[in-house]
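Below you'll find a set of structures to go through.
Shared between the two complexes below is chain A, which has chain B as its partner in the first and chain C in the second.
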Partner chain A sequence: MSQLGFHFNMATCIGCRACQIACKDRNNSKVGVLYRKVYDMESGTYPNPRIDHFSLGCNHCAQPKCVANCPTNALYKRAEDGIVMHDKAKCIGCKMCLWSCPYGVPQYKEDEGKAGKCDLCVDLMAKGEEPACVGACVMRALNVGEIEALRKQYGSTADVKGLPSSSTTHPSLCITTKKR
Partner chain B sequence: MHTEDLPLLVFTLLSQWAVGTFLVAVVIRLCTGKQTALKVTRLGIMAAGPVAALSSLIAALHLGSPMAAPNAMNNLATSWLSREGLFTSMFIAVWFVVFMLHRQGKINLLLDLAAAVLGLAAIYSTSGIYATSVKPAWASINTYISFFGTTVLLGITGVAAANVLGAKEAADQAVIKIFRAAGIAALVCLILQIAYLPVYFAVLAAGDAAAQATVTLLGGSFALAVALKWILALGGSAVFLYSLYNPEKITAGMPKSAVLLAAVLVLVGEIIGRYVFYATAITTAVGL
Partner chain C sequence: MIKFIEKIQNHMISRRSFLGMSAGAIAAVSLTGCGLTKVATKQAEEIAKTEGQWLTAACWHNCGGRCLNKAYVVDGVVVRQKTDDTHPDTPDYIQQRGCARGRSQRHQVFGVDRIKYPMKRKHWEPGGGKKELRGKDEWVRISWDEALDTVAGEIKRIREKYGSNSILVTGGSEMPRTLGLYGGHSTHWGTTSWGTWRWGPSKFGMEDGYTEHSINDRLDLRNSELVVIWGGNPAWSAGGSPMYHYLQAKKAGAKFIIIDPIYTDTSETLEAQWVPIYPGTDHAMALGMAYTLVTEDNPALNPLIDWDFLNRCTVGFDAAHVPPGADPKENLKDYILGTYDGVPKTPEWAAEICGVEPETIRDIARKIGKTKRVALFTAWAAARTNNSDSWPQMFMSVGAMTGHMGQPGQMTGVSCHFATGNGGPYLVKPGGNGLPVIKNPVTDRINDNEMWETILTGKYTAGYNMKKDINIQLIYHGYNAVLQTRSAMNKGIDAHRKVEFVVSHSHFLTTNSKYADIILPATTEWEREGGFSNGNREMLIHYTRITQPLFEAKHDQWMAIEIGKRLGLKAEDIYPLSEKQQIFNQLAGATVIKEDGSGMEKLVTITAGDIAAMGVAGNPQQGRITLQEFREKGIYQVERKPGDKYGHIAYEKFRQNPEANKLKTESGKLEIHSKGLSDLIKNYGFTEIRPIPTYNRAIEGYEDTFKDWDNKIKGEYPLQIINPHYFRRSHSIFDNIPQLREVYPNPVFLSTKDAKERGIKSGDTVLVKSRHGKVLRTASVTERLMPGVVGLPHGAWAEIDEKTGIDKAGADNILTGPIATGQGTAGWNTCIGEVEKYNGETLIPDVKWPQRII
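Let's turn to the complex of A and B:
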């Protein structure tokens, strides 16, 4: 299996939220439901305040707790590319996935009584296109691909201040951090 | 605490009451003669199944899609929620056989023990659901200690309350002795839970930001509630023991008002404790 994942470049992200909006549009998400979210993390003190932006969708983890804890098998890891998929028909809306993901990725949809999450835009990927978030990024701060290839190109950092420890679920994510 | 957690508070307490009451009733059936056992455990046995079924119904109704609730048992390999559903269903099924036998004046200790083990497996699974979450307050051995502690405590006071409300067979000195031992067990159970709390707090204090936020809540705005929970639980256990060791009253059997007071104190303490359990669980998340 070649595990797919994301690379995120913190150094170039300007926090414009184009990725978040493109994802919301693509999935026709209701108010409050975000499969990809941009976080703003402030640090430092005057005269050296800092702000970092962090764009986060599903990390399609190597050891996803959401999949292990899902009682219905609605969440499963696709054998061919490691994408964590969600089968809406099986979901019972128990919210176990919300209790299991340290990145807060699965979202509960009140109107459907079910959860939902990023599927890496598998339909677009099948046509050779990029996921909506990657395609919308004006700074090219997001990349998608085989995670091992991305790690070779960008390094394997997945732990940044403000993010939960990567040892919990081993996310398929690598991050280029800001040089300070 | 989020309003959405309220059904879970009710579900966990009811299921632990049901399993605990059944478990303690089985212990009494193992330790006394058949006729005494049939009378003393009558109401306790009778109530355990319906209360467990009610708790399951409440759990199912809190789902986003309640009609799909049977799907909850599809992932027995790794999901504690699936296992909880399976063991709870099996507990209720075996309980039904035990209950039908009881009605016919029969006791099958093997079935009694099987149902008790299934009930304990359900409680273990419930604990596992919380212990595998990303909330440091729950992802702890304290969850197991707390849930089993509640099961035992509610079970002892539940059977005793059912006994004084029902057959009043406790005038039997052998039964009094068993309840005395149970009362001491309840106290020991509470002391063990309290003894683990410093370790629990220390582990949380050394944990991530979510864990530290939980400690801040437990030691700050929820400190009074935490104290009240233990005062009520200990107070209830003390009243229960006093009712069994008061030589003036004991000749007429277990004093009804004292036993019921003990059961109510313990139950209120456990409700407060469970409220704190849900209200202080901070999720490990981005940006903390």
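Let's turn to the complex of A and C:
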């Protein structure tokens, strides 16, 4: 079965947020709604500090808790490519998905009274374009594709400090971590 | 003070009216810019299903990048933006990808806080009218006729009463044309972003890093084994591709050393050796390195100095090589060794000043001296410091001593802004717009550091031992942000409240406009005929109109003409060419590097039909691409690959034969002894320097944080405050965009040590003060900052609480002082202050602040 997912290169991300804003633009998200979010994680002590960034959108998990717990089946996994889709018509805005996702990905849209999330820019992908976040990255730190192919190319790490264990939902995500 | 509660209510009304207008009155409206309701979201979905058109949109801000920005216009509405996808992306032939700011452009153009109509300060009347209310008065909408009549009337009245030089034009190219024909006007000048790289370097043989470059191109950078970045954080400060270029050098094997008070994302990503240093003390460290090189060099056993390069290509390093007529004692080597002043500039001497361990100073000197191919880079920030006129010369001297110039992988110079890691002449560029120059008959030019005090005191420095009287009574703000972006803003506000008239062309209620009497709403580049953006040397962007002018906004050129007509001038004298003709001229004159690299040739093929369609005068021509292709793609980019003919090795010919390829200095060589430089600095009339690069301690620099330097007892202002560029803004532009405020909260960065000593934790509201002003910000406590240094991001729009006089936005220039040194240097990174926990009301996040809607 096909499963699309993301690759994220932590070693080259500069935390600039171009992905986050491109995502906001594509989804017309208002202030307060972020389908993709960049996290900063400082570590170490002066004069040996470190700074890591993590750009996190939906991981289109193999076993998505949001889908499992959605009472109206508004969230579902698309058969052909494993994308976790959200059917707005069925969404009752109960926020169960917000509480279920260990990555904190689904967002609640106050103005609509409904949830919303990353759909991997299916409309753009259908036209042969990249998802907005991927095409936005100035450091080329984000990639999209068949997750198995991405794992072959970049390794299968999906666990880094600060992220929930990948064993919970089996995210379609692989991460290039820093060597240190 | 503007009544913000009322303004929030107005905000809601504005949203509705904006929506109402999207039905027909406006050609293109951004959906999210309107603050859409549920109904509108449905509209948005419907519109999104309709086929639209991608247009190339301007991204015209001074961020250090120039990226391809595209707007998707559906049925007259901008629904989405994207960046470069005009060709497949590779590190060699790279897409010109934009940043979070550029991708928020539609929220700027269609922001609900745009100035929509000409506005007048309620209590203004000819002569000023309650001038003290500037910045806190209410605003009244007026007609264009009233606005133009008022502005023209005040120009005429004030010129007649006080003379032409009583009118100070702060920027914009438009009104200087009108006023140039109407007796002239005073101007201001300063080193702005460059710091002391602005004018001095041409005297000693290096380039300023913007108009010309002393570094090699980006593909050659991959030949460097060691890249030293002395102050410079392209990850935050140079939009577009520079960080990606640096990453390619890293992948090719280069090691990085970054000397900077902040552990930046540039340091992290490049896995650099981070060397924290006190701001404004770089010169001392360089001297300590030079001492190491001089004392440890052994041509046979331990060659660290490139004597061949020094002897052939420079003057002034040692007594044997001072320029003719100069005192042989005045040479760098003897200064380093302390031969005549008794102070050897040892790494220990340097360490006391710069805070870098002596062993680290030695280590870096040795690495630079021993490594074959080194790129020695600096950005302008280290030179945006008081009394630093000799710093660029010292930086050059380290490069010259180690011979890292003029060869593959070896380079020394400024690497920032457009040319970060990518030096060389433009490979593609637009032509001129053909507008004739209009001369300004008034010669009064006021240095930025003195500008506000001059208005208050009536005196300015006009040269060595030369003060002049002047009585500024009209401040004309064209396209600029000087009240926000020049030092000593509190004095600036006082100055604005002193003069008889202030007018501002504006998109928003910026700081310039807030303290004005009349605001004239200007169109953005998206509402104009189109234009060109060139940034890095490899590409040229041609953007087009995205929408018709919003509300009553007008082109600055139109304003200049209309005001001119009211002053009795002829429109055709001010602007003899239409906007379209100006664009045509730039198109017709655009050139691109020939395929064999031998020179430039025409870029655009223009047909008689194109000329007729544009309604302009011109001749058909043959070029590389058709006009249609250029417009549709919106960009022409020269494809680069290793070994191509478009590379650049700075100083290559000079190094090979300095006698045949003289530099434009007095001696024709790199001048480690430069009388031209010391004369230049003296003639500005502020402070003086020697012909050799001696260390000069900065006013309000590190040493001034002590009341007793010898015993290291700190004074009233123990911290150094610097102004890192911040991704929320390009200088002051974009500060008002809600989605950028959400992403970038604009805190003040404090080191863990300093915060702890003051009982401050992240999230606390803190008062940051200098002898020049006070600001509030939310603290962000970090291990990434050198203790003793505070990072207050550059460019936040001042929001002064009239009761306390404290700026709640954290505007950097509230804290900087009116200090003019050397070449009239903008010394913003030398500022000393103190931080304390604030006992008043806690700041709410900027994103929750009401927008400035009038």
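Heads up, the rule we're going with is that the second predicted complex is superposed on the first by the 180 of 180 C-alpha atoms of A that agree within 3 Å, B and C clash if a C-alpha of one lies under 4 Å from a C-alpha of the other, contacts with A are read in each partner's own complex, and residues count from 1 in each chain.
As a working rule, a contact is a pair of C-beta atoms (placed from the backbone, for glycine too) under 8 Å apart; a residue touches a chain by one contact, two chains touch by 3 or more.
Note that the coordinates shown come from a computational prediction; the quantities given were computed from them, not determined experimentally.
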Partner chain in contact with A:Asn73 - chain B first, chain C second, else both or neither: first
Chain B versus chain C as contact partner of A:Cys121, first or second or both or neither: neither
First, second, both or neither for A:Ile175, with chain B first and chain C second: neither
Touching partner for A:Cys94 - first (chain B), second (chain C), both, neither: first
Touched partner set for A:Arg50, first chain B, second chain C, both or neither: second
Contacts of A:Val144 with chain B and chain C, given as first, second, both or neither: neither
Which of chain B and chain C A:Glu112 touches, first, second, both or neither: both
First, second, both or neither for A:Tyr39, with chain B first and chain C second: first
Contacts of A:Ile83 with chain B and chain C, given as first, second, both or neither: neither
Chain B and chain C footprints on chain A, overlapping residues: 112
Residues of chain A touching chain C in the complex: 11-18, 20-22, 24-26, 28-32, 42, 44-47, 49-53, 111-112, 129-130, 132, 135-140
Contact footprint of chain A on chain C as seen in their complex: 31-32, 35-38, 41, 44, 79-83, 85, 89, 97-100, 103-104, 106, 235-236, 240-241, 243-244, 247, 263, 265-266, 268-269, 274, 276, 727, 738-744, 751-753, 782-787, 847
Chain A partner contacts - residues on chain B that touch it in the complex: 4, 63-66, 68-69, 71-75, 78-82, 85, 129, 132-135, 208, 283-288
Chain B-facing residues of chain A, complex: 39, 41, 54, 56, 65, 67-74, 90-96, 99-104, 108, 110, 112-115, 162-165, 168
